[in-house]
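Worksheet for the structure shown next.
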Amino acid sequence: QDDLRITLIPGLTTDAFYITMNRGAQAAADALGITVDFQGAEEFDPVLQTPVLDAVIGRGPDAILIAPTDSVQMIEPLRRASEAGIPVITVDTFIDDGKYQDGAGDGDFPFSYIASDNTAGGRMAARYMANQMGGEGKVYVSNVRPGISTTDQREEGFKAEMAESFPNVEVLETQYNENDASLAASQFQAVLARNPDISGVFGANLFSALGAANGVESANKADEVTVIAFDAPTSIVNNISSGLVDAAIAQHPAEIGYYGVMTAYAVLTGNSVPVSIGTGFTVIDANNVNDDATAKFIYSE
Amino acid sequence: MRSLLNAWSWLFLILILGFFEIYAQTQTGSTLLFRIYNLQAISIAASQILLLGLGLTLVIVAGHIDLSIAFSTGFAAVVMALIVRTAGADAGWVTVILAMLAGLGAAALVGAVNGWLVAILNVPSFIGTLGTYGIARGAALIVAGGATVSIRNDHTRAFGNGDILGLPVPLVVAAVLTLVCHYLLKHTRFGAHTYALGANRASVERAGVNVKKHLILLFILSAFTAGIGGLIYTSRFSAGAANAGEPILLYAVAAVFIGGASLTGGQGTITGTVIGAFIIAVIQFGLVFCGLPPYWQFVAVGLVIIVAVLVDQSKDRLMGGKS
Amino acid sequence: MRSLLNAWSWLFLILILGFFEIYAQTQTGSTLLFRIYNLQAISIAASQILLLGLGLTLVIVAGHIDLSIAFSTGFAAVVMALIVRTAGADAGWVTVILAMLAGLGAAALVGAVNGWLVAILNVPSFIGTLGTYGIARGAALIVAGGATVSIRNDHTRAFGNGDILGLPVPLVVAAVLTLVCHYLLKHTRFGAHTYALGANRASVERAGVNVKKHLILLFILSAFTAGIGGLIYTSRFSAGAANAGEPILLYAVAAVFIGGASLTGGQGTITGTVIGAFIIAVIQFGLVFCGLPPYWQFVAVGLVIIVAVLVDQSKDRLMGGKS
Amino acid sequence: MTTLLKIDGLKKRFGGNEAVKNVSFEVNPGECVVLAGDNGAGKSTVIKMISGVYQPTDGKVYMNGALLTGKTPEAVRTAGIETIYQDLALADNLDPGLNLYLGREAVKHVLGVPYLDRKKMREDAAKVMLSLGIVVPDPTAPVREMSGGQRQAIAIARAIHWQAGIVIMDEPTAALGVPEQREVMALIERLKKQGVGIILISHNLPDIFAAADRIIVLARGVVAGERRPAETNDEEIVRMMMGATL
Amino acid sequence: MTTLLKIDGLKKRFGGNEAVKNVSFEVNPGECVVLAGDNGAGKSTVIKMISGVYQPTDGKVYMNGALLTGKTPEAVRTAGIETIYQDLALADNLDPGLNLYLGREAVKHVLGVPYLDRKKMREDAAKVMLSLGIVVPDPTAPVREMSGGQRQAIAIARAIHWQAGIVIMDEPTAALGVPEQREVMALIERLKKQGVGIILISHNLPDIFAAADRIIVLARGVVAGERRPAETNDEEIVRMMMGATL
């Protein structure tokens, strides 16, 4: 069965995380001698993802790997794939409750969910930050825009962990920057102007973190303010080396892609597969940023 | 003569469909055109663009623009979803319809504010509707508490994903509204005044038309069709999202302009906008269907948009009208 | 008389600054205005908006629009970053400057294509630049391989984050370009023709001006200032992103319109755009500074944009010019 | 004979420039009042204040004793005043028919649904224009593509097509050919016979003398004098235009 | 005497309408040729083909023996032909000074950097317009705010301010007051004395006879006849306009 064709639909095509995921998927495809296509929308948005998905279904691949852009809104569109006889596996994000094939819920049909849990990643960021700050101080989340499930979950996990385990850390209002690093920088400076004692920022995606780091740099506050980034493309890693970013919560997108394709292959060849595979996180900070072992977790560009 | 030449845009649409079909037949041995599923998917995508583009066409013909539809859609979607959710999973048709009316009311409110700003306070429409864009966005997010409002209701789901005589409901709704807007723009006094307004506001004012009222109605209409887009959205996805319309705004505007409208007003037709919406939906579907790598798709969409307008213009050259 | 009345927009800017200052003094016991740091932050944010808005102002005065600057910025940013990265971490000034020139060249190419489409092929600018928006976006992503291109170079970093005589470099660059564009629009033949073009293309053509060449230059200028925005972006963030300009586009357009330009052309000034960019940067900063909850910020930004235009209009009423 | 239109002390200031300083006159049924005056004297500004396009800075306009000032162009038109504007005020993208009927479009009903009756409007436009001596080559073409005189004829047609009590004409023959000019002069006579009051603005002395029952000369925003054609001559009128008072 | 301008067999088709079918004539230095004709006869279309605004469907234009057809309005203007268009072609948002100098703006140098010399341009505009008898109340106001006659005077000023070999005037006095009309007629005489060739389009018979050295009558796109003023009279010209040939 070497003419199998699997399509990987990322949350958006222009993000190092998903590009790295595709790299992992291609590695698996090469190993298996099958084909994996990469097709997606320009923004993380169900309105844009649905037409792409529809067209992919029209093309009729043997399986679909998808990072659904909304847990509720993508159920109906994905059901069409399932009804057309195309096995669905979700990667990075999930639909419904994320627990598949247990007979409960509207979105029970995907075979497997392979991801590092964004909420858990947010919690991890919170723990790291709180420890850096000695368990007290003011922090805020720099986020893209409301309504994006992955970044919303990171923020949610971050806030939940702070509330549960670090009562002395005050989490200020979230600031939305529309993916504009320049606005994120100006927002940090405004937050700082209001709260001169600010001691941490959690950048929920690349541009939020880049912008926050730049704001910290302009304010000469690199020593006082802890910046945590989610995801680890090279530009964030460079900022860790230079000390502007304290740590990055790196997911393992290549692994997700690799296991995704392997799982799909298993489904297509009639084998049973686990309904969920967790791929975990690596925290990259000044201590390990130059280790050879860390290099493989840095996202490709 | 004149109306026959509109055939050019149809021709272009048919050309790209033909191109994709040939590609599908020869390269993948499948078919694009002759599968109901594909046609349905394309027409649903086109409907969503169209619902934002219909009222917008009239606004643009009148020489204005409405950016706020990006969030009139979201506002309507969120308001409807909230009411359906509050009513519970087994809310009946009546409740659903009331929820839809409430959603439309929310959208129409945005439209009325736009009309007031543009018609009464003389705020340029670009900037006035950019303001209400922000306001409607904030309002939708505040009402929804920031997240998407998910609902579970069999009626809404049937409405959003069902079909009537084999045609998907969104397509049927868009088709009905298209007819209404086409009638309005082409066959009524309201439409004639809209064209005249785009060419020369003074001509309409001096002819004794109440231009302020006219403008207010235009912006309400625009918000209204966009709001219907929001209702369809909530029904299709069983969730109301404040962002529901935002990613489509640019496509809707593009559809109107591909359809022959111009920034300066006085031109444009509903038929043109329909063709524009379908051209966009077809290339988006077709490019993925053909497996063009994603970044190349941006380039291809850009090229097709330009070529669509060039084709549309070549008819003027044939008419020999210009220089 | 006339120029004095421009004071209204300044007044509004000063008013919102005053409002935020009073808020800061009374509510938080701090100051917004009297800290160099805050002013720097605001002016850097305004610079980034301004760089997209400067060339755009001339294009809009001429009665056109340029959407492609959203990705001319990104294209320039990516091309510069790629070259710097290829040259390695210790690339010298010469390499960096060559990389910048290459980035500008990439942006100017987009501008030249726009000019060709609009001037020679008569494609309406909205649709033509929407096409190149897609093409430039695709090109930037293809060149960059889809993701952000990170660099490590002390020169670029110093350029993007350093200051000259206490003024941040982005501000200085934006100020110089502002002066150039102001001179061009206000004091040269090129500027006079740009205004005339916006009012009545035939008047300029029949007066014997080469309108096609003029339009091409306008679009190249617009891509050029946007491209400089891309160079600043790459230098500031040590990363070239294809979408560097996209989120700023709407703000840049808003700044131009707040500054008194109109969709129909023939109006607008660089001073106005500068005020517009600062109004936007100040409210974005000030609202966070005041601790307004995020969704309310959307509402507040929308309101301020509308009020800014209303204030700008009240001067016309005072002049008694209209009805 | 009751006064049809009474203009009382109109003033209009544009910024620093007082374009109309003090203008009063009356128009009776079946009478043609000519407003003469040099360029920039304020003639067009006066008639725009009558037709509701401008609100006067001061002064009042009465029609049949009822106050007209402050009303919209819509209300003024409904009250029975039609105006031919100097800048024509055509919608350039529409055909002559729609321009003729602008604001009062003809509709036909198909199955009870109203549709614009484009055919009727086109035919009527062609008919009215023919009565002015103008043949339009393509009646479906937008008026943008018409010659200067054809455009002016459409503007005239629009004003005379409706039963009006008063017709205001701001330089209606400026772009017309010789035969068409004669048609318009004949038209004015016909309207007068029907009891319509006419305000005519013209720079053509022979036309002024031929059409006028009274000539009111404006100079720099004020009424420089009023004459019956029989009591005066070209030279006096020109002297009054140049600013010699009474 | 050498021919200044030679028009040879011009044709122009707009879609299905052949607006100009076959027009040839010549203009000599110091001569005023009047193009007369009914509305829609094709007069404005002919002069737009001369000035480069329209490309003829067929036919050629020569100036001093050199081919002019196919050139841009820019090149035609540089070759020494100034045109007053019927629609004036003003930039409504600019002041009279900039409109006068449009395309040839005056600059002054400050420290070697060129700046628009707005003051000079305004003063010149006021001066030229005064020579036509027109006073503009506010020379810094955009021409949008000017009266019909003031606007026309600016268009005339623009054409006569430059040393041209040929001046084309499409109904230049249509909106002008009586004294201003006389100024323009005097101006035409002055230009003729300087050896300038003039093409005048007018619907005013007295003006036509006063200014013309030769009258060329167009009817429905063809030359219906050519007369010297002394050889003909009003009635014959009007008959020719209405389509009676030769």
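The chains carry the letters A, B, C, D and E, assigned in the order they are written, with residues numbered from 1 in each.
Going forward, a contact is a pair of C-beta atoms (placed from the backbone, for glycine too) under 8 Å apart; a residue touches a chain by one contact, two chains touch by 3 or more.
The model shown is predicted, which means the values in this text are computed figures rather than measured ones.
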* Structure fact -> The pair out of A-C and A-B sharing more C-beta contacts is A-C
* Farthest chain relative to chain E (centres taken as mean CA coordinates) -> A
* To do: Let me have the rounded angstrom distance from the C-alpha centre of chain B over to the C-alpha centre of chain E, please.
  => 48
* Asked: How big is the gap, in whole Å, between where the Cα atoms of chain A centre and where those of chain B centre?
  -> 32
* To do: Quick one: report the Å distance separating chain B from chain C, using the average Cα coordinate of each chain.
  => 29
* **Per-residue multi-chain contacts in chain B, two or more chains** => 141, 146, 295, 298, 321
* Counting only residues that touch at least 2 other chains, which ones in chain D make the list? -> 14-16, 53, 87, 145
* Shared interface positions of chain A, touching two or more other chains -> 13, 42, 146
* Structure fact -> The chain B residues in contact with chain A across the complex are 28, 30, 32, 35, 37-38, 41, 44-45, 48, 141, 146-148, 150, 152, 157, 160-161, 233, 236-239, 241-248, 281, 284-289, 291, 293-295, 298
* **Parts of chain A lying in touch with chain C, wherever the complex brings them together** => 13-16, 19, 42, 146, 172-183, 185-187, 189-191, 193-194, 196, 206-207, 210-211, 214-215, 217-219, 233-235, 237-239, 299-301
* **Residue ranges of chain B in contact with chain C within the complex** => 63, 65, 117, 121-128, 130-139, 141-142, 146, 250, 253-254, 257-258, 262-264, 295-303, 305-306, 309-310, 313
* Structure fact -> Per the touch rule, the chain D residues reaching chain B in their complex are 51, 53, 72-78, 83, 85, 87, 89-94, 98-99, 102-105, 107, 113-116, 140, 145, 158
* Structure fact -> The residues of chain B that touch chain D in their complex are 2, 183, 186-189, 191-193, 195-196, 198-200, 202-210, 266-267, 321
